[in-house]
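Read from first to last, the chains carry the letters A, B, C and D; within each, the first residue is number 1.
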C-alpha cells in the first residue's frame, strides 16, 4: 500500500498557494517598481495557471495511483476531539474523488486560460484570479474530504468564494445583491446539512465516511425502519442549496450577474455539482433510506421539468443556460434518488455530472465569447442573430455543446442521459415520463437559442459588427468541444471507472428508451424549427404573428393544436412557473423571509423606546412573569 | 411591647416609604427617606441587631442621605412640574410591584414557623465574623471603595485638567 | 489555601494601583505609555499564570475555589483586558481627562472579573459582581462631556442597581431558607428539602441578577442603549468581559449550588435561550449604528451561550466555554476596527463603512473576519463554537432549541453581511485613506490570526475548555 | 392580636421592596429613582436581619454590612454621574434621556 497523503496535500496546496502568492506580490510595490505594470496586469493569470497545471498533474498522478489500487491515506491532524466527537483531518481517495478532482482541474484549466481573454483589460484581474484559485482550492477540498465536518467546512468556503465572485463587479448593485442572495439561500440549505451531520453523528457515533459506512454495515438492524430518513433528508438539504434544487433554486439564475467564466466554472460545471457529488459520497447513507431516496428523486425530477419549462421563455443567453443547468442538475439528483445500489450505484448521476461539466462549460464559454463580441454590453438573444457568419468557430462550439446537452446520438450527453433515462424507465415510470418530456423541452429551448442568436440575420446594429474572439478564448472552447464529443464513449471509460471492480451492468431497457428520447428530441427540435428558424424579429410565442399562424394553419392541420398547446399550455406554464418562481418562492421564500424578519425586528424594537422607565418596567415585568411560572406552590 | 413597637415602626416606615415615592419635591423625598431609615433602625433594634441599627443611622441616614441632600441643593432642584400623567407607566409600575408583593407574600405565608433564637448582633460578634470568615469579601470591598472614590472624583471634577 | 491562591488577582489590582500612581505623576499629554504598561503588565501576569501553576483547591471557608474553570476564566479575562487596553490606547485621544485613571479602572474591573471566576459563596458573589458593575458605571459615563455617554451611564446605573437589588433580595431568601451563604450549603439544602417556595424564589431572583449581566431576555433591555453610548473600548469590555463574568458566576452557581434542581433550571434556561436568540437576531436586522448592531448581536450570542448551558452536560458547558473564548477574539476584533473608524470618521453609522475596502483594506478585512466569525461561517473560530454548541444541544435531543438556533443563525447572516456588503460593494462617502497606527495594526493582525487559528487548530483550546467543564460538571 | 413572627417582618420587607420597585418605575426624577433603589436595598436588609434572628446566625448581619457598603459606593458613583448629566442637560428627568432608541 502506498501512502499518498502528500500527493493530496500537493493537489490542494496548488491553488491555495496561487491565491496567496497573487494577493501578496501582484500589486504596485517599491520592490519591483519597474515591473509593476506587468505585475498588475498579467502576472496573476500566469501564476494561477502555473499552479493549477501543477495540481492537475498531481491529480493525474493520484488517478494513476488509484488505478493500481494500492493506495491509502493517513489522517494527519486531529481536528476536533471532545469526548464523543472526534474529527480527524483525513481524506477520501478513491475512484469517485480522483475522477471529480480531474474534472475540476481540467475544466478549471480551460476556464482559467479562457479568462485571460475574457477579463482582458479589467482592472481587478489579479483579484479575479486569486478568488478563482481560492475557489478551486475549496472545491478540491470538498472532493477529497474524508469526513462530513471537513466537507462542511470546505462546503462553506466554496460558498464564500462563490459569494465573492458573483459580486465581483461590485459597481453593479445587482451583483452585490445576487451575491448576498446566493449566500443566504445557500446557508439555509447548509444549516439543514449541519443539522443532518449532527444527527448522523448522533445515530452512528461518527462523522467519518469510512466509519459511518462500517457502522451501517455492522448494525443493519439499528438503522433500519427509517432512522436514517431524517438525517439523510437533512443532508440532502445541503445539496438542495448548493445544487439549486427546488425550492432553493432561486439563487442560481441571479448568480449570472458574475463574470461568465465564473458562471461556467462555478455555476455550471463544478460548485453546483458539488451537491450531487456529496450525495454520491454519502450514497451508503442515502441508499439506506428508501423514503429519502424517493423524495430526492422527485425533487430532482420536478426541478428538471420546471426549469426546462422556464428556460423556454428566457431571453438572456446566460439565463437560458442557467435554467438549463438547473434542469440538468435535476436530472443528476433524480438519478441519485433512483440509483440501484447493487447494480451501478451512483454511476448514472456521476456520469452525467462529468459529461455535463464539459458541455455546459462549453456552452457558457461560447456564450461568453459572444458577449465579448458585443463588448460586454448585450446578452439578449433577440438583439443578436446571424452570428454564424462572423463567428463560425464560436457557433460551431456552441452547436456541439447544444447537441451534447440535448442528447444527440454520438455525443457525450447522449450516453449519460440515456443511462439516466434507462434507469428511470426501470425504477419509476412516472419519473421516466417526466424526464422524457423534459428532454423535449430541453431540445426546444436550446435550439431556440441557437436559431435566434446564431442563425438568421443580425437583429441589431451591434450584431452586424461582431468579430470572432481571439484564440486565447477559442482554444479552451475547442478543447472543451472535443471533450464534449468524446466524453461519453466507453473507451473514455468514465462509467466503467465509476463502477470499479464490480463491472458495468448494461441497462436492459435499451432501444425502447432510446426511441422515446429521440422522439422527444425531434419534437423539441421540430417545434423550434417551426417557430424560430425563419428568423422572427420577436418571439412568436409571446406575440402571435399572423403569418406564422397562417403557415401553421395551412401546412399542418393539427399543428393548430400544438400552437395552442405551446401558446397556452407551455406559454402559460412557463409564465406560471416564472410567476411562482418570482413571487412565491423568491418573494415569499427569500424576500419574504427578509421582509418578515425586518418587520419582526421593527416590532421588537418597539420595546426599545429609549425610556428608562419603560426599561425598568419591562425588566420587572419579565422577572415577575418568570416568578409566576417557576415559583409555584 | 415588642409587638406594639413592631407595628408602630413598620407602619411608620412604610408610610414614609410611600411618601418618598409620592412627594413631588425631591427634598421631601429625601427627608422621608431619612425618616424611613430611622424607623428601620428601630426594627433592627427589635431584631437585636444593634450594630446594624447604629450603622443604619450613621452610614445611611448620616452619610448617604446627606450626600443626597447635598446634591439636591447643589443642583438646585425644584419640585417637579405637574406633567401629563402617564397612565401606562404608572399603572404598569403599580401592577408589577403589586404582583411581586403578592408572590412574595404567598411564598412567605407557607413558611414553617420557627421561634426566634437569641443571637445578639453586637459589634463584637459581627466584627469577629467579619474579620475571620468574611475577610476575603471585606478586602474586596476595599477595592470597590477605591474604585468608587477614583470614579467619583473623576466624574464630578468641574475643570478639565 | 492562603493568600497565594489570590496571587493573580492581587497582582492585577497592584498593577492597577501602580498605573493610578504613575498617572498622577506624569504629564498630561504623555499618558499613553500607561496603556503600554498595563498591557505589558497584564501579559506578564498571564504568562505567570501559565508558567507557575496556581494553587488549586477550595479555601477561605469554602468561599473561594481555584479549579480548572476558574483558571480558564481568569486567563480569558486577562487576554480580553490586554486587548481592551491596546484598544483604549488607540482611543485615548478621545478621553478628555483621566487617561491614567481610565487604564487603572480597566485593571480594577479585570480584577473584579477574575474574582468572579473563583466565587463559591453568595457574599463573595455579591461583592465581586458589584466591583465589576460599579467600575463599569464609571467607565460607561467616562466621556462626561458627551450626552450619549452620560445617558448610557445613567441607564446602566439605574437598571444595574435595580438588578443588584433583585440579586440581593434573592440572596436574602436563600440565606433565610438555608441559614448560610455558601453554594455548597444551598446544594445540601436542596438535596434534603427539595426546591421549596422560599429558596426557589431566592434562586430565581439571583438568576435574574445574573441574567442582567449576561444580557439574557428579559433582562437584556439595557444592552443596545448602553453599548451605543459607552466609549467604544468600554462597550467592547462590557460585551466580552462583563458577559463572561456573568457566565462564570452562572455556571458556578448552577453546578455548585443548584445541581439538585437541574430539571427546573434546564427548562428555564432553554426557554430564555430561545427567546434571547430570536430577540437579538431579529432586532439587529434594521440597525443603522454599528455599535448598536453589535449590542443586539451580543444579546444573540448570549442566547447561543445559554444554549450550551441549557444542554447541561460537560459537553455543553465545554462548548459554551469555547464559544466564550472564540467570542472574545472575534468581538474584540470588530471593536478594534470600530475604534479605528471612529477616530477617522467621528461616527459609528454603518453608512460610514461604505467602501471601506478601498479606504483601508486592513480594516475591512479585519471587520469581515470578525463578522464572518460572529456569523458562524467556517473556518473561523465562531463556526466551531456554534458547531460545538449545536452538537451539545442535539446530543441532548433538544430539537426545538436547535431549530430556533438555526433560525437565529440564518437571520444573523442578514445583518452581518449587510455590513460586509457596505464595506466591499458600496461607494465610499469620501476617498481619503484611513491611517491606522502601528499598535492597532499589530493588534488587528493578531486578532485576525487568532480568530482563524482558533477555528483551524482549535484542538488545544477545546481540550482546555472541556477539561475545565468536566471538572465543573463531574 | 397575633404575635409578631418572622413572616411579619418578611411581609413588611416585601412591601417596602415593592414600594421601591414601584418608585423606580413610575418616577421620572433620577434622584428619586435612586432613593427608591435605596428603599429596595433597605428592604433586603430588613429581611436579612429578620432571618438572622430566626436562623440563629450572624451571617445575615455581615451581609447587611456589605450591602450598606456597596450601596454607599453605588450612591456616590450614581450621584456623580447624575451631577455630570445635569451639567450637560440641565435636567435630571430620565424620560428626556431618549437620544438613543430603536
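Here, a residue touches a chain if its C-beta (ideal position, glycine included) is under 8 Å from a C-beta of that chain, and two chains touch if they have at least 3 such contacts.
Predicted model only: the values in this text are computed from it and were never measured.
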* **Pair exhibiting more inter-chain C-beta contacts, A-B or A-D** => A-D
* Structure fact -> When centres are defined as mean Cα positions, the distance from subunit A to subunit B in whole Å is 69
* Could you tell me the distance, in whole angstrom, between the mean C-alpha positions of subunit A and subunit D? => 64
* Averaging only over C-alpha atoms, locate the centres of subunit B and subunit C and give their separation in whole Å. => 31
* Whole-Å separation of chain centres (CA-atom averages), subunit C against subunit D -> 27
* Shared interface positions of subunit D, touching two or more other chains -> 10, 17, 20-21, 24-28, 33-34, 50, 55-57, 59, 62, 66, 70, 73-74, 77, 81-82, 84, 94, 97, 99-101
* Asked: What positions in subunit C touch 2 or more of the other chains?
  -> 123, 126-127, 130, 134, 137-138, 141, 144-145, 154-155, 158, 162, 197, 201, 224-225
* To do: Two or more other chains in contact with one residue: find those residues in subunit A.
  => 605, 608, 610, 612-613, 616-617, 620-621, 623, 627, 631, 633
* To do: Once you've mapped the touching chain pairs, tell me: line, ring, star, complete or other?
  => complete
* To do: Spell out the residues on subunit C that touch subunit B in their complex, using ranges where they run on.
  => 6, 13, 17, 20, 28, 60-61, 63-64, 96-98, 101, 104-105, 108, 111-112, 115, 121, 123-124, 126-128, 130-131, 134-135, 137-138, 141-142, 144-145, 197-198, 201
* Residue ranges of subunit D touching subunit C (in the complex, touch as defined) -> 10, 17, 20, 24, 30, 33-34, 37, 40-41, 43-44, 47-48, 50-51, 55-57, 59-60, 62-63, 66-67, 70, 73-74, 77-78, 81-82, 84-85, 88-89, 94, 97, 99-101
* Please give the residue numbers of subunit B that touch subunit D in the complex, ascending. => 2-3, 6-7, 10, 13-14, 17-18, 20-21, 23, 26, 29-30, 33, 36-37, 40, 43-44, 47-49, 51-52, 55-56, 59-60, 63-64, 67-68, 71-72, 74-75, 77, 80, 83, 89-90, 92-94, 96-98, 100-101, 104-105, 108-109, 111, 113-119, 121, 125-126, 129-130, 133-134, 137, 141, 144-145, 147-149, 151-152, 155-156
* Structure fact -> Contacts from subunit B onto subunit A in the complex sit at residues 89, 92-93, 96-97, 99-100, 103, 106-107, 110
* Structure fact -> Per the touch rule, the subunit D residues reaching subunit B in their complex are 1, 3-12, 14-29, 31-32, 34-36, 38-39, 42, 45-46, 49-50, 52-59, 61-62, 64-66, 68-77, 79-84, 86, 92-93
